[in-house]
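There are two complexes below, and they share subunit A, which is joined by subunit B in the first and by subunit C in the second.
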Partner chain A sequence: MSESPPSYTRVLAVLARNSFVRDMNFRGNFLIEVITAMFWMTMMVSFYLLIFQFANEIGEDTGWTKYRFFIFLATTMIINGLMQAFVLPNAAEFSELIRLGNLDFALVKPIDTQFLISFQRVNWSGYANIGCGIALMIYSLIHLSHVPSWLEMSLFVVYVTCGLGILYSLVICLASTSVWMGRNQSLYNFWFYITTFSRYPMEIYRGPLGDPLRLIFTFMIPIMIAINVPAQVMAKGLGEAESKLAVFGLFATMACLAISRWIFGLAISAYRSASS
Partner chain B sequence: MPVTSVNPQTWWTIFRISLEERLVYRADFALGTLMRFIPIVTQVLLWQAIFEALKGDDVAGYQYNDIVAYYLLVLIGRAFSSMPNLSEGIAQQIRDGQIKKFLIQPIDLIGFLLITRVAHKIVYYGIAIGPFALVFYLCRGFFSGWPDTVTLAGYATSLVLAFLLGFFLEAFIGLIGFWFLEVSSLLFVYMLINYFLSGHMFPLAMLPEPWASIAQAIPLQYLAYFPTQVFLGKIQGEMLTWGLTIQLAWVICFAILCRIAMHYGVRRYSAFGG
Partner chain C sequence: MAIIEINGLSKTYSVYHKREGIAASIRGLFHRQYRSVHAVRQIDLQVDEGEFVAFLGPNGAGKTTTLKLLSGVIHPTEGTASVMGYVPWQRQTGYRRQFALVMGQKNQLWWDLPAQESFRLHQQIYQIERAAFEKTLDELVELLNLQGLLGQPVRELSLGERMKMELVAALLHSPKVLFLDEPTIGLDVVAQHNVQGFLRHYQQQRNITIMLTSHYMKDVVALCRRVVIITEGRIMYDGSLSGIIDQFGGHKLLTLQFSDEAPVDLKNFGKLVEVQSPRAKLRVDRSSVANVLGQILSKYNLVDVSVEEPPLEEVIAEVFASVNGMHEAELNKQQVLRNAGD
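Take a look at the complex of A and B:
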């Protein structure tokens, strides 16, 4: 019997709606998470406001002056919010699915397993971070008296998507190791710590310690591209060097997605059900 | 039943069992400790960039080396004062009824948790001392040398008090579970405020008024900022004695609050489950 392939868009919409209904069952919790996100943004902005009392920019001649840097911060919030909304809750769940043998239920469903595992839960409170990020970006752009062109906005969306693709690939690779390790709590901590490198402008990575880190996290594990390129598009525009990096970013995203897909496939083929 | 009424042998046995239990996770401890230093790398580079574009000579009295030393020392302060899973654990025990075993057995809940936490910290320090020693050796250039004996004694005292303050403060938040059952949201807000006002995020000397006075007036600075300032020699003489006295007062205050919360919490507690 031939079956028509599932509509991934419809499935995603249904999964998102189910998650929304679930989140709305815990409205108090949802509200607190939203308030916490706003509180966190206030803390981060306050910290950098303090910094800019003492310094004109982050790094000499880097161009990351106060409001430009706030655009960088806003981009970080938007990308982290999207990761929290779509990717992280599912990656955390993947390890438990393997440990308890519940991955079997995902494997027998007539839909791509990686898609189902990656998007079965949407954490709507993650949107609070995205909202805060957008608000901070608009505020910063107003202070810079800069109205982004359609091209800049389009490129920003493209490179935020690329950034998500790169970070998603990293999470999927780490989550896949659960198949071999059983449980990998430390690796999720590792993800949190390793992505710390992506949360600062790449210009600060200079000197005997910074240069090797910049090269590693740009060309080997390209997480620095994830936030830096979209933030540069919006805050400073792309110069010649940044344009090259942006082009590299497109290829890096495709390579990361392909590698993570391959590793996920290896993990699934090594999976042995834990249930009875 | 009060702690003192229990045979010391009982507490020693609890301590020994907790030690052995914690040693099971020694590899996780070592890996976790090493990972904790990763954000320090970015902090070092961030502050290097900030100092390159500085308007004045220093940041709130800190030179670049002082700032890096500050962040490294804050890690030690946090290693003493942070209490992972303490509040959640107490609230969970209240919620699912496990706490009733402490109501019928001659073991005091707060005393039991304190002993197990001491065991946890001893194992943690025993294992974490390797990664800590390595990182501090590599970063020795950021320090101007060892402080004098009085400062070191003051620092050690402030760390022990930071441990006790962290314990009683978080235990108190957990005991609020007698009234609210679920304290995770409250705890999350506390963690955020703690991160900001304990000096974990930046030296509190950077704060303008009225925030500087607020940070001085609340106990959170004694969890990380105060011990670090003591080591760096920024608090000495009478100020050191006075600071340690206030820190001790906060410890006693939260220990009493824990006792009060336990006393009244148990009275309104209804045990469910088999």
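Take a look at the complex of A and C:
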């Protein structure tokens, strides 16, 4: 047995492989999940096509015209897909592991517990959403006659990762509360509420109701950054104001990850395990 | 040399005291009453390298909690512990590489996948070199007679086969210390026997340190020389199996074979356990065995007589029952005092 720490990439590869083998065991379930994802994308695109019959852009003078907004929608799908593939099933399971006392086995393994809990399962059907998102993005970019530069594509990847980091942090913090609450089944509801807010360009949050919402969900719980910044990069490029937001996004991601790591640590310390 | 050292270890849980009924449930939303449950109280224990120690105790005695504390799964309320020089709840990687935890009532293998897929994951997590992994796996599979089952999904294995796979998963990284929490629970006699045989062989061969909790005395008798009895979080006894009878077995069993019918006044000499005339079994206080036997011999004609220790299980059951009795008496006393206060 080697004394060196485990290769996290290899562990992740085995976890992904095992999840794939498991998903393929239940191919009917897998197919239904893929079909549901495609149906959801079709519904979303159809709904906004309907809206764009009556409006030229989302919000007045926001610049989010039809195909730019479809890039925003595609970014939402990609981040949602990544969350569904990697984060949400594990966070939901983390909650159950705490409730049933099955976290014991994760705690005794010589590997970072947060890593093991966060990536234990990979839900491969979540990739259907990612595939749909990429297809919609390419389609929209073609219509905009815009070929993104390498810098834009790199920044997009960086900010999608940041968005994932922010949303992951929120979800893992919520799942961690199961240690104190005994049970927390609001995870998927919470996810739905969050994405409802972050699913639209932040420019529409204006006025006496919109401004506080925008400030809260940008600077206190920075979920608006998660989708808005990468979508801006691809659809409109970063102006001066957006660049400032992008820099803030990097710090916000680091802060969110640090806070989630701290809360996760507190939860593990307070873990009581269920009696056997 | 002690590989496990425990000093004054305690674990207290605060448990929500839920009252019955809908009204009480609604009140519980706003005001909750908690009570303290002392799962482990001031335990001191030393275990030497290569020892196979059994933890015996009734349900809720604190056996599993102690194993969880030593595995670093939970943090103690107070006290210290050291296993192989590590403080378990600091959960250092160096420590986690060198021990394993097996729980008979919990499953760590992927339910829908063949066990071999979980073993590969363990290989990566524990950084086991390929050759060593293959060798250990082959050895364990052969010892546990699991050939042909590695490719079968865990959910399709029998309970006994599943427990054997759990043992393989726990031993792949060749741990120096093994914590076994009721590893034979729910298994049939044959599967229990197989698991016991494997554990005995493996422990002797590798000289690893094992702490075992079990409700089955057969596990304990077959595997452990040292027994720790724990009740209500406190260690009541720490020593050999035979020493339990010396310390807690307050009586002996006299089996008397009379030349004629068994006499009717035998109950005057002790507690009558069984009468199958002309044979009778009598339970007599340890201190008065010689006196009682003398009286019977002088009064009746005996063909045969034997004096036996009571069965170990019976003695342990009596120890547990006496503790429960004390506990109930204490609760009753508290209730009486509360009522008097009201």
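Rule of thumb we're sticking to: the second predicted complex is superposed on the first by the 270 of 276 C-alpha atoms of A that agree within 3 Å, B and C clash if a C-alpha of one lies under 4 Å from a C-alpha of the other, contacts with A are read in each partner's own complex, and residues count from 1 in each chain.
Keep this in mind: a contact is a pair of C-beta atoms (placed from the backbone, for glycine too) under 8 Å apart; a residue touches a chain by one contact, two chains touch by 3 or more.
Predicted model, so just to flag it, every value in this text is computed and none were measured.
Overlaying the two complexes via subunit A leaves subunit B and subunit C side by side, clear of any clash.
For the three-chain arrangement built by superposition, the Cα-centre angle with subunit A at its corner and subunit B and subunit C at its ends equals 90°, in steps of 10.
Contacts of A:243 after superposition: neither subunit B nor subunit C is touched. Of the two partner chains placed by superposition, only subunit C is touched by A:111; subunit B is not. Contacts of A:21 after superposition: subunit C is touched, whereas subunit B is not reached.
Legend: residue contacts after superposition of the two complexes on their common chain; A:102 is shown touching subunit C, with no touch to subunit B. Touch criterion met: A:36 reaches subunit B, while subunit C stays clear of it. Judged by the touch definition given at the top, the superposed model places A:149 against neither subunit B nor subunit C.
Think of it this way: put the two complexes on top of each other by chain A, and the tightest Cα contact between subunit B and subunit C is 7 Å.
Per the touch definition, subunit A reaches subunit C in the complex via residues 1-7, 10-11, 14-15, 17-18, 21-22, 25-26, 101-105, 107-111, 113, 116, 269, 271-273, 275-276.
Of all the residues in subunit A, the ones that touch subunit B in their complex are 28-29, 32, 36, 39-40, 43, 46-47, 50-51, 53-60, 62, 185-186, 189-190, 193-194, 196-197, 199-200, 203-207, 209-210, 213.
Residues of subunit C that touch subunit A in their complex: 13, 60, 64, 68, 71-75, 91, 93, 96-97, 99-101, 103-108, 110, 112-113, 117-118, 120-121, 124-129, 132, 153, 173-174, 181-182.
On the side of subunit B, the complex with subunit A involves touching residues 28, 31-32, 35-36, 38-39, 41-42, 44-46, 48-56, 59-60, 185, 188-189, 192, 195-196, 201-202, 206-208.
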